[in-house]
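Listed after this line are the structures, all set down as structure tokens.
There are two complexes below, and they share chain A, which is joined by chain B in the first and by chain C in the second.
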Partner chain A sequence: MRDKSLKYVLVLPAVFVVFATAIWPLVESLRLSFTVGRLNRPNFPQEYLGFENYAWAFLEEPAFWNSVQVTAIYTLVTVVLTTVLALGLALLLSPGGRLRSTVQTLLILPFAMSPALIGVSFRFMFNPEFGLFDAFFSFVFPPLAHISWLSDPTLAFAVVVMADVWGWIPFLTLVLIGGLASVPRDTIEAAQVDGASGWRVFKDVTLPQLMPVLAVVIILKTIFSLKTFDQIYMLTNGGPGTATQTLSHYIYFSGLKYGQIGYSASVAWLMVIPMIFLTYLYAKHMFRKG
Partner chain B sequence: MTGKQKKQFWNALQVILILTAAFIMLIPIIWIFLAAFKTHVDVYQLKVFFTPTIENFGTVFESPYHLGDKLYNSTVVAGVTVLFAIPIATCAAYSFSRFSLTGEMTMLVMILATQFVPAVVIILPFFVMFRDIGLLDTRLGLILINLAIVMPFAIWMIKGFIDGIPIETEEAAMVDGSTRIQVILNIVLPMAAPGLFTAGIFCFILAWNEFLFALILTNKDAVTLPIGLALFKAEEGDLWNLLSAAGIIIMAPMFVLALIIRKHFVQGMTMGAVR
Partner chain C sequence: MAEIKLEKLTKRWGDFIGVDNQTIHIHDKEFFVLLGPSGCGKTTTMRMIAGLEEPTDGEIWIGDRMVNDELPKDRDVAMVFQNYGLYPHMTVYDNIAYPLKVRKTPPQEIETRVAKAAEQVELTEFLDRKPKAMSGGQRQRVALARAIVRTPLVFLMDEPLSNLDAKLRVTMRAELKHLSHELKITTVYVTHDQIEAMTLADRIAVMNHGVVQQLGTPDEIYNNPENIFVASFIGSPAMNLIQGSLLDGWFVTTGGTKLTRVGGGDKERVVLGVRAEDFIITDAGQGDIDVPVYATENTGESVLLTIQFGKQRVSAKGDRHLDKKIDDIVGLKVKPEHLYLFDPVTEKRIRPGQ
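Take a look at the complex of A and B:
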């Protein structure tokens, strides 16, 4: 076969798989979002409703707005905390040496852990009777002992954030260490010779050079924060009440627990819109370099 | 303080910070690890020193938990997903790497973008379709939908590896009369093999840890390990010693695999955005 046709034959299976497993469900979800789409009724698919599902979400469902708010705060807090802490850890670890490279290797471990299992382990540690945190606080600060962390809306939210930050710092740190390695050493040394303080060197030399990598990290983490489901399902299952119910969790519940596929598809599509924007930003950053 | 003392103080502070960070990173893992070897009673007494037992690892495989079935399902689903994904991705990656295609950029960006589509959006139509054609609670259904997760990573990762193989050997072989297919089979595949292996392991980890699809699509026959964690609940609460033993069975193999490919883990996740 000639290269001219072979090159298209080679990509065809992959394009087909991506189309069938991602593009088709996106389009089909959009179609479902305009239908009644109740799982318990026969003759699925059902009649078209126009934008009624969207109007329902916006106007009639406080639970929808609650999950939007939870997701927004969750995303903001986890992105900021994870990025700042990961940057600090990357700066600490990047000089190399035996201790630092050992810790770098260990950083892979949390990242290979299933997010569902991260949720389970944090639920375990925050158990009010025999959790590790409880033991820690009864030892150092007894007033904080025997608090049932996961029954209080604010504390449960804090625990969910902690689990997320714990799970993502290692990955972000490793990416940032890679970014720091590409900052030319001589510019840093030149600044040091000129008598600039450590903080000035970081702010005026390292940080600007690290910006492209930092941008990629922030966009990527924002996308993953917006999508969060696994840990939350295992850790609090959205509770107490709906205090930790993110959009993904809300869509899962309204669609598959209550069988309102049409309605949850409309909420799902409302979630896709910011994703498209973020993906555009990500792709722009990515191809600007190449 | 003199300059030298100041420097020593800074170094000591850094070492303390690094050790603290490492400790925080490891503590949930260590905590699970300890609990997996405790008896039910020891878990509730918060003991740090205890007589270890491996009984939990036996119990989880027995009735009513049957973790062995879930282990089998997870292995088959993740394994077959990788066996489908890698050859398909390799063909596409070679083409993207070596030729210029009409709409190549659009295709590559689309493939990248599919990774960012929330899994809940993908699962809604698939749930309805699988229900209609009888693929709910089957390993086959799970394998098909897991391809959605691994394909974009596999294509981008393998493309990166093939980009790194010098094109001159291929051109020389073509001049000597080899066909393109022969070049791919005899030259590119052997050289790309370590990369394909790395991508395969990476995809295996992703499929193994996948949670949402399995949660929604399975309920009995095709349940995978992460969903199996929900089994260890009793009337009196979670059975933490058993949960922890199951947790070890889920994460230990992934730790080994992740350490094998650790140099490529970061590149894989960012799909080449960060080198």
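Take a look at the complex of A and C:
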């Protein structure tokens, strides 16, 4: 009898932590999203509004749609770039590939850095006076020197993308190396003997068998791209203007900077919808049988 | 027309020698078997012919082309892999058609040739299936069909039957033999199974430690082994190897039993090789020597006796009606024309009169 209750006592702390850090904030944010929820007014969270916050975001707020657009483009570009580059690297690094394990170890380093740190270091590197890129371009291609990367909307967006791609490639490369290792060697050799060129072996035999892993990689990266916050906060803080303001950044700003907790909670819940869909896809691919 | 010539072929990985300076000529249209235990270099030799492994040294000729620097796709060989190497995401039809597709064969021709290949291996009704939905034997047939769908210069088969159960292996063996007879294409076949080698081969190369121990027809390999390795590797049960010496032309076991006359004078240490079926089992007193039975096994077609022979044990095959029990005393005779003498140091055959 004691053993029966003991097991519950043992998991209780973990349940409590999950409840306090995940469940409760989730429920609370849902509740707040239906209220006025202004931090700078008395009687927080003030009166019940129903779906008014959601309607406001959809119908009245260009800044919301701007951040949706930024997030969508950002996600599309980073997912495609990271996946393609990681796949290329994985092919070079996988057993039988052309690079060796020392390189493999070095390449994982970017992933050891926190996104915020990546943001800070990229901000330094792109500084127009003393940044690494400034020095680099004044040496190899002077017309590109002294450009203020982070104050031009398009360039700033490119820098944000670059920082993210750089930070994510190593991890996805490792996952894909694992995926490539599970493609049976004899199917590749059979294709070689059957007369396929290197490219056709990849396209006809390796890639189709890598698809399950590739799907997981793409979904995972999409989820992380959608919720990007730290790098952007450190690197551009959403600017110049709102050129690099992603949804997460927008939520943070409207909630904690302008004190509109109710409104930002409703936007956050709008973001939950695609996330749940992607998580479902991810779980389906991760845990599928066979 | 394609003979294969391997000239002084060597494969090393660091200090490990996979194949050691071997020269092998495989005739046109021959069914050639590379036989040996695992790690003997047989698969490595085949993979070098296919172009999947690069030789450290030596030359590979297919027909009149030196193919060392050619990619696998340009060598015009077809290969059947041990684990079949089927493309799991393609249907049987697409698997078989793949070698034709990558060679840009016209679509109508692909269709007729796939149909013909599928018919040859009796797969016609399975063309829409994926490999996953098929049994081991059927997958094996798909791999075969994929190999025979074009007419390559050379077939390479890497232990194609080793993943099949015993019964299916026997059926497939006969089918392979029939197929090779029909197609008349030079075939190199790798196996560790001596029965497969004996039944399929025109010629066998028995390999060990990266070196061909003996190359010859199945008959030569079985009846005229060059050394102890070949003698003991071929045959089931393995050839009995009895330690002893030669005394005035008689073989005397280490225990001092004078067994039989083999000729060849005196020699302090020799090994006598006798196959189980070359013993004649008689009642006690009627053979050359009397020995006790250690164990008896009835296989149905014959009875296999394990006999305590001084300190050694030997096996002898008797007629299936032989009725002997453990500890019975039996007489044993040897057929003098089927005896093999080996030097225990060099492990080479000693021929009487030498």
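Quick note on the criterion: the second predicted complex is superposed on the first by the 269 of 290 C-alpha atoms of A that agree within 3 Å, B and C clash if a C-alpha of one lies under 4 Å from a C-alpha of the other, contacts with A are read in each partner's own complex, and residues count from 1 in each chain.
One rule holds for everything that comes next: a residue touches a chain if its C-beta (ideal position, glycine included) is under 8 Å from a C-beta of that chain, and two chains touch if they have at least 3 such contacts.
The structure displayed is predicted, hence computed values, not measured ones.
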item	value
Joint occupancy of chain A by chain B and chain C, clash or fit	fit
Degrees between the directions from chain A toward chain B and toward chain C, using C-alpha centres, nearest 10	80
Which superposed partner A:Gly241 touches (first chain B, second chain C, both, neither)	neither
Of chain C and chain B, partner touching more chain A residues	B
Touching partner for A:Val205 - first (chain B), second (chain C), both, neither	second
Chain B versus chain C as contact partner of A:Ala190, first or second or both or neither	second
First, second, both or neither for A:Ser264, with chain B first and chain C second	first
After superposition on chain A, the shortest CA separation from chain B to chain C (Å)	5
Residues of chain B defined as touching chain A within the complex	14-15, 17-18, 21-22, 24-29, 31-32, 35, 43-46, 88-89, 91-92, 94-96, 98-99, 101, 105, 107, 109-114, 116-128, 132, 144-145, 147-148, 151-152, 155, 180-181, 205, 208-209, 211-212, 215-216, 225-227, 229, 238, 240, 243-244, 247, 250-251, 254-255, 257-259, 262, 265-266, 269-275
Residues on chain C engaged by chain A in the complex (per definition of touch)	50-52, 71-73, 75, 77-79, 81-89, 98-99, 102-103, 146, 156
Chain A to chain B touching residues, read off their complex	1, 3, 6-8, 10-11, 13-15, 17-18, 21-26, 28-29, 32, 39, 44, 89, 92-93, 99-100, 103, 105-118, 120-125, 129-130, 132, 135, 166, 169-171, 174-175, 178-179, 182, 213, 216-217, 220, 223, 226-227, 229-230, 233-234, 247-248, 251-252, 255-256, 261, 264-265, 268-269, 271-272, 275-276, 278-279, 282-283, 285-287
Residues on chain A engaged by chain C in the complex (per definition of touch)	184, 186-187, 189-197, 200, 204-205, 208-209
